[in-house]
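Heads up, there are several structures right after this.
Here chain A shows up in two complexes: once beside chain B, once beside chain C.
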Partner chain A sequence: MTKTTAGALCALLTAFSLAPAAQAEIRLGASISATGPAAFLGDPEAKTLELLVEELNAKGGIDGEKIKLVLYDDGGDPNKARTFATRLIEDDEVVAIIGGTTTGASMSILAVAEDAEVPFISLAGAIEIIKPVRPFVFKTPHTDRMACQKIFEDMQKRGFTKIGMISGTDGFGASMQAQCKDVVGDYGIEIVSDETYNPTDADMTAQLTKIRNASGVQAVLNPGFGQGPSIVTRNYRQLAIDLPLYQSHGVASNGFIELAGAQAAEGVRLPGTALLVADLLAEEDPQREVVVAYRDAFEEKTKTPVGTFGGYAHDAFLIFTDAVARAGSTEPGDIRDAIEATAGLAGTTGIYNFSAEDHLGLDLSAFRMLEIKNGAWTLVE
Partner chain B sequence: MSELLQFLFSGVTVGAVYALVALGFTIIYNASDVVNFAQGEFVMLGGMITWFAHQAGIPLPIAAFLAISITAAIGVAMNKLAIEPARGAPIVSLIIITIGASIFLQGAAQLVFDKQIHDFPAFSGNTPIRVGGATILPQSLWVIGGALAVFVGLWIFFTRTLLGRAVLATSNNRLAAQLVGINTNFVMTLSFALSAGIGALAGVLATPITLTAYNVGIAFALKGFAGAMLGGMGNPKGALVGGFLIGLIEALTAGYLSSQYKDAAAFVVILLVLFVRPQGLFGRKSTDRV
Partner chain C sequence: MKMTPKLATLLILAALVLLAPFLFPSNFYYRVGALIFVNSIAVTGIVILTGYAGQISLGHAGFAGIGAYACALAPAHFGIHPALAVVLGAAISALLAWLVGRPILRLKGYYLGVATLGLGILISMMLNNERQLTRGPDGIEVPELGLRALLKGWGLDLTNGQFWYYFCGLCMILGAWLALNLHNSPSGRALRALHGSEVAARTVGVDVARMKLQAFVISAVYASVSGSLLALQNKFITPDVAGFMHSIEMVTMAVLGGVGSVLGAIFGAAILTLLPQVLTVFAEYEQLVLGLVMMLVMIFLREGLLPSILRKLRRKGE
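So, the complex of A and B:
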C-alpha cells in the first residue's frame, strides 16, 4: 500500500516536474502599430514577427523551447502602447518586448519596461530611445543622424560644399532636418537654402524653384517620408533641375521608384540597407545570407515586396533569439546581459555589436549608398 | 519673371485640387446646411477605386467611371443609412455623424484596399509643358479644367434647372418645400450622390499629382473646407475662387517668404476675410435670393 502510494507520489512528482519542461515556452511580447497612421510601417513588422516565430517553432524553437508571441496592435497611440506594455509584463508575463513602431510608442513602452526590468527592443528611429543609455532598452533601426552623416560623406567625396535642403514637416522629416543641420558642419558643407513642405502637399515646385535660384547650390537633400519625397522627385524633374538629388532612408523601398517614376528617380541617391540590394551583395558579404533568406520568406508569405521596416522587426527578433540561445536562460535579466554582449550579429539592417555604452550597435557601414539607375537600385562604390 | 510664373503655376495646380474638393461641399450644404466632413473620403475613394480597378486590368477611363459611380452609390448609402435615420436632429449632430462616416470609410478603405501609397498614370503623359521658362504638368490642366467644368455645371444646375432650385428650396425651408410638392427625400439622396460623385472626380483627376492612400481624405477635406469657407459656403463661385486663392497664397508665400509660413499665411488670410465678411467672400446672397 505504502509502496504504491510512494510510487504514485513519485509518478505525480515527476509528472509535475516534467510538465513545465514539456510545455515550456518562451513568451515574447510585442506592441506594434499594425493599424493607424503608422500602419505602413507596423503592418510589415507584425507580419515579419509572426512569420519568424512560425518559422522558428517549426524548426523546434530555441533548444527545444518554442516561442509564444503575444502581439498587440497599439495603432501608433503612445497611451495604448503603455497599456499594452503593462499588460504584456503583468498579465502575459513575457520575458522581453519588441515593438514601438513609432518613437512616441517606444518612449512610453521603454518607461514601463525599464521599471519592470524587462528587455525592450525598439523599432523606432529617434536617438532619444537609446541616449542616454538605459540598461534594458535597445533598438534596431539606425538613427537619422547616421543617415545624414552617410549622405554628407558621399557629398564630400563628390566635392560638394553648398547644398539645398527641402524637408517634410512630419516627425521624420523635421527630426532628420534638425540632425542634418547639426552634423553638416563636420563635413565642410553649407546649407544655402532650407525649405519645408507639408507631408500632404501636392506640389513643391515653388520651394524647389527657390532652392534652384539659391547661389552656388550644388546638390539637394530631401529628408522625408511617405508620398512627399515622390512628389519632390517628380517636381524636380518637371523643373529640369540638373543638380544631384539625395533622398533619405525614409523612402528606401521599391515603392518609391514606382511612385516617383523610374524616369524621375533616375540618378537619385539615398542611404539604404542591404535588404534593398540583396542580389547585388557580394557572395562573401556577411549580411547576404540573412538578407536573402528573409526577403524570400517574407515575399513568399505575404506576396508583397520586402521593406526596411519589416527588416527592423526581423533584426529585433534575431537579437532576441540569439541572446536567449547564448544566455541559456529565459530570465529577463540574463537575456538583457546577453543582448548587451551581442557581437558581430549580421542582421538585415547591419552588423550589430552592442556594448554597455552603445545600445544601437550599428555604425555607418550599416548604410549602403544606393543610386537609382534605369528604375533599379545600384550600389555606389 | 519665370520665377513668379512658376510660383503661379504651382499655386494654380494646388488651388485647382482645393477648388474641386471645395465644390463637392456645396451641394450637400445647399440641400441640408450640413457640412459633410466625409467629403475628403469621397476624394480618397475616387483615387483608390480607380487605382484598384486600373491595377486589375480595367482601362483607365472605365476605371475612373466605375470609381465615380461606386462612390456616388456610397454617398447615397451614407445618406440612407446614417443621415436619414437621424432626420430632425440638430445640424451639429448631423455634422458629427458625417465625421463618424468619414472614420468608417477610412477604416473600410484600409481593409478593402491596403495601407500603401498608390498612383495611376497621368491622362496625357508626364512631359511638362514649358511656358516662359516655367513648367506645368499636363495633369494640372486636367485638374483645372475639371474644377472649371464642375463649377459651370453646378452654376447651371443651381440657377437654371428646376431640380437645382428644388435643392435650394429644400435647404431654405424643408417643410415649405415639401408643401409645394418637392420630394425632399429624393433631393437629399440626389445631393449626396452628386457630392460624392464630384468628390470622386476630384480624386480621379488629382491622384496622378497628389498620389493617394487610405488616409489622404482628411487633408483634402480640411483644405477644401478652408477654400469653401473663404469663398462662402454653398456658393460654387466661392468654392472655386476660395480654393484657387488658398493655393496661390500658399505657393507665393513659399516662394517669396518662406515655406515654413505657407500654411500660416493661408489661414491668416482666411481669418482676416472671415472677420470682415463672416459669410465668406461670396456669402450666401445667391441662395437667399431664391
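So, the complex of A and C:
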C-alpha cells in the first residue's frame, strides 16, 4: 500500500514540471485575472500583452532577443496569484512580472517579487501598492485619489462648493469614496449628502432623491464601477435632476454609454485617459502616436473596442521593454534600475516619470476631463 | 511493533513530506507542497465532521476566514504574538461553531448544511464590509510569524518556501495524528455509530446531539488553523479565504479523495491543489474539468478515489 500511494503522489508531483526553456530569450512573467469576477479588467490586459509580445517579436524583439511571455490566469484569487508569482520566479525564471489585476492579487505578488528582487509592475489601482515605495514594485494605473482630485479640480473651476456623493460599496467604490472624502477639503468643496448602494442593486432612486433634497447641492459624484453607475445615471434622468453628474474613471469605456443609454448619459463628465479620445487628441500631443497605434492594433486583433484597462497592461509592457532596451541587460536588478530612471515615456494612460520616491510616475495631467455628448466622448478644456 | 492502520497512515505522510523535496525540480514546489498541507489540515477537519459523524458543512471557509483574520488583526490591535493569534482564532471559531451548532444539531437531517451555508456567507460579508476593521475586499497585511528567524538563530537556515513546507507538513501530520486518535477513541466510535444510525446510537446510550456538536466544533478548529497558516504564510489575506467557493472546495477535496479516511482526504486535497497548476494551459476549462472529475468519482468510485483504488488493488492481489 505504501509503495502505490507514494508512487502515485510522486508521479503527480513530477507530472506538471515543465521542461526548462532555452535562455536565448527574455522571459517575461504575467499573472492576470483573465477569468473570474475581475475578468472584465483582466481579459483585455491578457489580450493586450499577447498582442504586444507578438508584435514586438515580429519586429525582431529587443536588440535581436525575442520575448517569451509566460502568462498565468489567477482568476482574481490572491492566493493563486501568490502561487503563480512563486512559479514565475522559481520555475519559469522570468526577469520581471507584470500583473496583479486586482489590488489583492497585486499585494500578494509584490511580497514574492520583493523577496526575490524581481521587478514587478502592477496593474491595480490602490495606492498601498507603491506607498511606502518598495524598490522592486511599480504600477501603471493612476490612483483613485488622483481621480478625485481631477474631478474636484473641475468642480472648483465651475464654482461648485456643495456636492452630493453616491458610492458603490464594492472595493473600487468604497476605496474611492474614502479617498474623495479625504481630499475634498483641499478644494473648498463640502459633501452635503453621502449615500451608498450595493453593487447588485437594481434601483437607486431612493438615494438620489435624498441627495436632490439635501440643501444647496450643486453637483453629484458617483464613484463606482460595473453596472451600478449606469443605473445611477438612468435613475438620475428619470428623476429629472438637472445638476451636473460626475462619474469615475471606473466606467471610462464605451460600454458605459451603451448601458446607460446615450440620452441619459448626455452631459456626464468623468476623468478618463487619452485612449478614449484618440481621434480628438491634437496632432502635437505626445500621447497621440502611441494611443492611436495601440487602439488600432487592439481593435484589429480582438474586434472589441479598446478600454482603459488594456491600456494599463500596454503601458506596463512599454515600461518593461523601454527599460530592457536602455539597460542593455536582462538582469532583474539592472531592469529595476532602468525602470526607476524612466523619464518622459508616453504611454496610453499618461506620461511616465519614475523616480526613487515615486513608483507611479503619473501626475494629474494623465487624466483628461471628458464629457459625453450625443453618445460620444468629448474633451473638456 | 504491530503496524496499525493509524501508524501506517502517519508513516506514509511523514515519508511523503520528507522525501518529496528530492523530486522537486525547483523551489516553487515547496510552495505547492505547503498549500497542499494547509488544505489537508482543513480537509482533515471535514473528515471528522463528514466522514466520522456524517454531517455536512457548507460554510467551513468562514472558520478559515476567522483564523486568517485573527492573525492579521489581533497582533495589530492587541499587540499579541501571531502564534497566539492562531490560538485565539481557533478559540473564536470553536465558540462560534458551538453557538451555531448547539440548537441546530439537535435536529436530524441537512439543517447543519443550510445553517453553515448562511454562517459562511455572513462571515464573508462581514470581512468584506467592515472596512474600518478588515480593510475590506482589498485585503490586509499579516505580520511575520518569526519562527524562521528563530530557527536561523539555532543554526537551521531555511528559505521561506522550505520553512513553510516543513512547518505546514508537521502541522498536517499532527492534525492527522489527532484525527486518527479520535477515530479509535470511544468518542470516535460513538460518532461512527451515529453516522450509521442515529436511532440505534441513541438506544445504546450515545448522546447524539452532544457528539455531533463535538465533531462540528473540532472540525471548525481545524479549518481555523488552516486559515491561520495560510495567512501567516502569504503575509497578506483577502476575504476570498472565507468565500463560498472555498467552502465547497474543502468538501470537494474530502469527497474526491475519500471522506471516510484521513489519508484519502489528504490525497484529494493534493490532487485538487495540484490540478490548477497542471491545467494552467487551459485555465478557462478548469471548472469544467473539476466538475467532470467530481461527477465521474461520484458515479464510479463512490467511496472516493483512494479507498476505491486500494480496494481494487487488494482484490487483484487476492
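Convention: the second predicted complex is superposed on the first by the 358 of 381 C-alpha atoms of A that agree within 3 Å, B and C clash if a C-alpha of one lies under 4 Å from a C-alpha of the other, contacts with A are read in each partner's own complex, and residues count from 1 in each chain.
The rule is short, and it goes like this: a contact is a pair of C-beta atoms (placed from the backbone, for glycine too) under 8 Å apart; a residue touches a chain by one contact, two chains touch by 3 or more.
Please read all numbers here as calculations on a predicted model, not as lab measurements.
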item: Partner touching more residues of chain A, whether chain B or chain C; value: C
item: Contacts of A:Lys80 with chain B and chain C, given as first, second, both or neither; value: second
item: Partner chain in contact with A:Tyr197 - chain B first, chain C second, else both or neither; value: first
item: Which of chain B and chain C A:Thr35 touches, first, second, both or neither; value: both
item: Which of chain B and chain C A:Ser355 touches, first, second, both or neither; value: neither
item: Contacts of A:Gly104 with chain B and chain C, given as first, second, both or neither; value: second
item: Those residues of chain A which chain B touches in one complex and chain C touches in the other; value: 35
item: Residue ranges of chain B touching chain A (in the complex, touch as defined); value: 3, 6-7, 9-11, 13-14, 17, 110, 115-119, 126, 128, 135, 137, 206, 209-211, 213, 215-216, 219, 250-252, 254-255, 258-260, 262-263
item: Residues of chain A touching chain B in the complex; value: 35, 37, 39-40, 43, 166, 195-198, 200-207, 209-210, 213, 226-227, 230-231, 234, 238-240, 255, 259, 261, 263-264
item: Footprint of chain A on chain C - complex, ascending; value: 8, 11-12, 15-16, 19-20, 23-29, 31-32, 35, 129, 131, 136-139, 141, 160-161, 230, 234-238, 240-241, 263, 267, 270-271, 274, 276-278, 280, 283-284, 306, 309-310, 313
item: Residues of chain A that touch chain C when the two form their complex; value: 1-2, 4-6, 8-10, 12-17, 34-35, 72-73, 75-80, 82-84, 86-87, 89-91, 102-104, 107-108, 111, 115, 126, 128, 169-171, 174-175, 178
